[in-house]
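Each structure below is given as structure tokens.
Heads up, the next two complexes both have subunit A, just with different partners, subunit B and then subunit C.
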Partner chain A sequence: MDKYIEMIRIRFLMMLAYRTNYYTGILIYSINIGAYYFLWNAIYGGKSEIEGLSAIQMTTYVAVAWMARAFYFNNIDREMATEIKEGKVAVELIRPYNYLGMKTMQGLGEGIFRLFFFSMPGMVIVALIFPIEFSADAATWGLFAISIVLSFLINTQLNLLTGITTFFLYNNTGLIRAKRVLIDLFSGLLLPISFFPGWAQEIMGFLPFQGISYIPSMIFTNGFTGSEAVEGLIIQAAWVLILVIPVQVLWVIAKKQLIIQGG
Partner chain B sequence: MNAIEVNGLRKEFKAYSSRSGLSGAFRDLFTRNYKIVPAVNDINFTVKQGEMVGYIGENGAGKSTTIKMLTGILTPTSGSVIVNGMNPHRERERFVQTIGVVFGQRSQLWWDIAVQESFRLLKKVYKVSDADYNEHMDHVIKTLDLEPLLDKPVRKLSLGQRMRCELAAALIHNPPLLFLDEPTIGLDVLVKLKIREFLKEINEKYNTTILLTTHDLTDIEALCERVVMLDEGNIIYDGALKSLKERWGEGKEISFEFLEKAELNHLETLTGDLDIKWELDERKQIFTAVTGDDEEIVSQVIARTVAAYKVRDVKINEPSTEEIIRNIYDKGMLQHG
Partner chain C sequence: MFYISMFFQYVAQYMKTRLEYRADLIVEIFSDLLFQAVNLIFILVVFDHTEFLNGWSRDEIIFIYGFFLVPYALFSSFFNIWDFNERYIVKGELDRILTRPIHSLFQIILERMELESLFGAVTGLAVMFYAGSRLGLEVSWSDPLLFVVFVLGGVLVYAGIFVMIACISFWADARTSIMPMMYNIGNYGRYPVDIYNNVIRFVLTWILPFAFVGVYPAAYFLGRDEWYGYSFLTPVIGLVFFSLSVFIWNEGVKRYRGAGN
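Our next item is the complex of A and B:
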């Protein structure tokens, strides 16, 4: 376990090595939240609520969804793709650790770093500018914390899956980009899932994406309470377990037919 | 005990070829032409604990593919590999604990962070105790002169500095077996010498087995008593470097520079009864006699030539290992045709 914790520390150091990235990140997230705030204000246009969410809840939803994204989002799919394309994966395989486990830990290191040095200060700034309602209920915070850990796991597993496909496709830049757009849209980051038409909601109910952003954000804004929130967590946990299977299967196949590119 | 045992090892790759033209490109979308190419073709060899073996061959001969199978990165198509008593691919995580690898063309340090942070992470990864680490690595750091580099990020190091750090990183867990894939590529003479010295030292001190691939034959000459030579996936020589030289190092070259004008056909008639060949470098006026294996001939040639002409300079050259190997490949090609 020591080595995995050490990996989180190394990731912190790497994030600190690129400070500019870090500052521009905060800026980009603030601009995004601002843009969605004004967009939603225009859509509400004086109406007190749409689909059960008030305007303030909506703003909070958008802010929380983006801040949670800072935690669960990572680039390990792109990193894996580069490592595989450049043949660096050879170096990873001569180390006594589980490659996917180590990648997950790198993602976690990145996530924790962003949560503390990015989401939290960002949230303070956003709260000063826009009207946002924080729940005072400790239970909501607790459920939210569990929920974003689960969303991190789901998102990371999807990233691992996308990353592993590089072994078969050799160049999957398009797939990675498509996956990102798909997640932003279907996870409820851009638009709460309850706003989609009925049939679309039904389809999305069978997909893992809602577990990434929609469920934690709804829990935080008190859109889900009590049994609804618990049900949300169970759906997330179920997806975490289900996704283990394709990740492992694909990984075993990938290792068997691995070709190290570039000599 | 054998550190490496390889039996009938084979690795095949699919080599895709593109059809020509636009219609060909469309057809490639659906079905692609490929043929199966063996990169390593049923090879056998064993390496004993504590041996230093040079693994040589031209580009694309299958050296790196072999190393990748020996280190558990690639799965063999067929054949068996036992390294340190384990199957590298099947027991990868336990197995890699017992080997160290340096890929000259890839870094295994983390690019953006200080060298010592990489070392610290590797120490944790290989579960090395503080006591072992301090004792072993202090020595390594001192010998390779890494002290001033430890707090620098890897991206700021020169190639020579980085390579020394790579070597140290591969040795953090003091493995009994070390794979070096072109460790001295692009390094200057001083760094090369330092690395060779160091490898010799750890081999003596810990009886570390070293398998080395390189294009720089001076590395092999300085370090290895045994070479395994690969050509198109087949082993074409496996044995002592010395007997390689004896077997393939055909004869000597004797070069003369004369004070007066000499004639090539006169020299040829002078030594007509001996089994030699004269060559002339027209520009520099250097006459070279190429002799066979007979040791007698050398003195005969010199005696007759010196008696006939006044000599400014005489040089006797043995063919270098490089020439010998080029020689083998030229002939090897013919054999395998």
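Our next item is the complex of A and C:
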């Protein structure tokens, strides 16, 4: 276990060395949030609420969805693709740790770094510029904390799955890009899932993506309260468990048919 | 003449290398399409809940997005200078460029083109015709002509802004992340600028004139006569910004001292 925690620490320190990048990153996210803020205000027009969310709740939703994204988002699928293409994965496989577990820990190190140096200061800045409503309820914050950890796990497992496909496809840059676009839409980052037409919501209910952004953001904005919030967490936890199966199965198959050239 | 023949030789060369890996090419075009589809879905879903966006109807917004895609596709096919700093300054590649017998900016455009992005223009036209027919817009004899002029104006606006940002690397060698920021600000131009507050509107019109890539020129075809003045400014703004950027570029190249070995 020690070595995994060490891995989180190293990744954290690595990110710290490049922290100047993050100041501009906060600005980029704020610009994005600003664009959506004006857009949503125009969409609301005079309406006091749409699908149970008021205009202020919607702004909060957009802000928290983007800031939470900084925590759960990582590029381990692209890192895996590079390591596999360059043959480095052979060395990784003989090292005394679980490759997938290690990648997850690296992602977590990055996530924790961004949470403290990006999301938190970013959220404060955004809250100063735009009208945002923070919940004063400790229970909401607690549920939200559990929820974003689960969304990190779901997103990471999907990244691992995409990364593993490099073993079979050799070149999957297009697939990685397509996956990212799909997650932005289906996870509820761009639009709360409750805004979609009924049939689309029903389909999305069967997909793991809503656990990435929609559920934590709804908990944060008090769109989900009480039993709804708990139900959301259960859905997330269930997906974390279900996704273990395809990841492990693909991983076993991939290792069997792995060919390393050179070395 | 020499420039034109150089251009086509590079295009031919590019096609050969890309068609070597067809599967990858197809996936890339597909993921571009997917990205455009997601933006459209966003508009469609939003208009399930509202009739008008500050007085603009769903089909008008879709039309503006379709128009935006055309200059944007041309821009991203030919002006891939977002990594100019790392690729050409830090690695000293610009030394090589400067030994070539054509203008340095043109040489970089040739080297970095990504013609597959042109598919975005096809999507854009399709989206425009779809929205246009729903709005009952009629095509008059002057429209295709003005369309070409406005699209070129939009491409020059985009190109001007991004070339100017690339020029920063001639003066400051530190890596900046202004480029990705600009791509995000560019997205503001896809929606009617009257939904933003006055400061942002001013910036999008006169300082980072992204509104001239989407809403202003598109307003002409939508028959919004209160915006016609801005529509016809599109090529002017494009020419001004692009000329300015080429001027700054030339000044920057004079200052360039080379890096690496």
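Simple rule for what comes next: the second predicted complex is superposed on the first by the 259 of 263 C-alpha atoms of A that agree within 3 Å, B and C clash if a C-alpha of one lies under 4 Å from a C-alpha of the other, contacts with A are read in each partner's own complex, and residues count from 1 in each chain.
The rule is short, and it goes like this: a residue touches a chain if its C-beta (ideal position, glycine included) is under 8 Å from a C-beta of that chain, and two chains touch if they have at least 3 such contacts.
In this text, all values refer to a predicted model and were calculated from it rather than measured experimentally.
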Could you figure out whether subunit B or subunit C reaches more residues of subunit A?
C
Looking at the overlay, what does A:Glu51 touch: subunit B (first), subunit C (second), both, or neither?
second
Return first, second, both or neither, reflecting whether A:Glu228 touches subunit B, subunit C, both chains, or no partner chain.
neither
Which partner does A:Glu202 contact after superposing on A: first (subunit B), second (subunit C), both, neither?
neither
According to the stated criteria, A:Asp137 is in contact with first (subunit B), second (subunit C), both, or neither; which is it?
neither
With both complexes overlaid on chain A, does A:Arg177 touch subunit B (first), subunit C (second), both or neither?
second
Quick one: classify A:Gly87 as touching subunit B (first), subunit C (second), both or neither.
first
Thinking of the overlay built on chain A, is A:Ala17 touched by subunit B (first), by subunit C (second), by both, or by neither?
first
Based on the superposed arrangement, let me know which partner A:Leu258 touches: subunit B (first), subunit C (second), both, or neither?
first
Subunit A residues within the subunit B interface of the complex:
2-3, 6-7, 10, 13-14, 17-18, 87-88, 90-91, 93-98, 255-256, 258-260, 262-263
Name, in rising order, each residue of subunit A that touches subunit C in their complex.
21, 24-25, 27-28, 31-32, 34-35, 38-39, 41-45, 47, 50-51, 171, 173-175, 177-178, 181-182, 184-185, 190-191, 195-197
Contact footprint of subunit A on subunit C as seen in their complex:
21, 23-24, 27-28, 30-31, 34-35, 38, 41-42, 45-46, 48-50, 52-54, 176-178, 180-181, 184-185, 187-188, 191, 195-197, 200
Can you name the residues of subunit B that touch subunit A in the complex?
13, 64, 68, 71-75, 92-94, 96-97, 99, 101, 103, 105-108, 110, 112-113, 117, 120-122, 124-127, 153
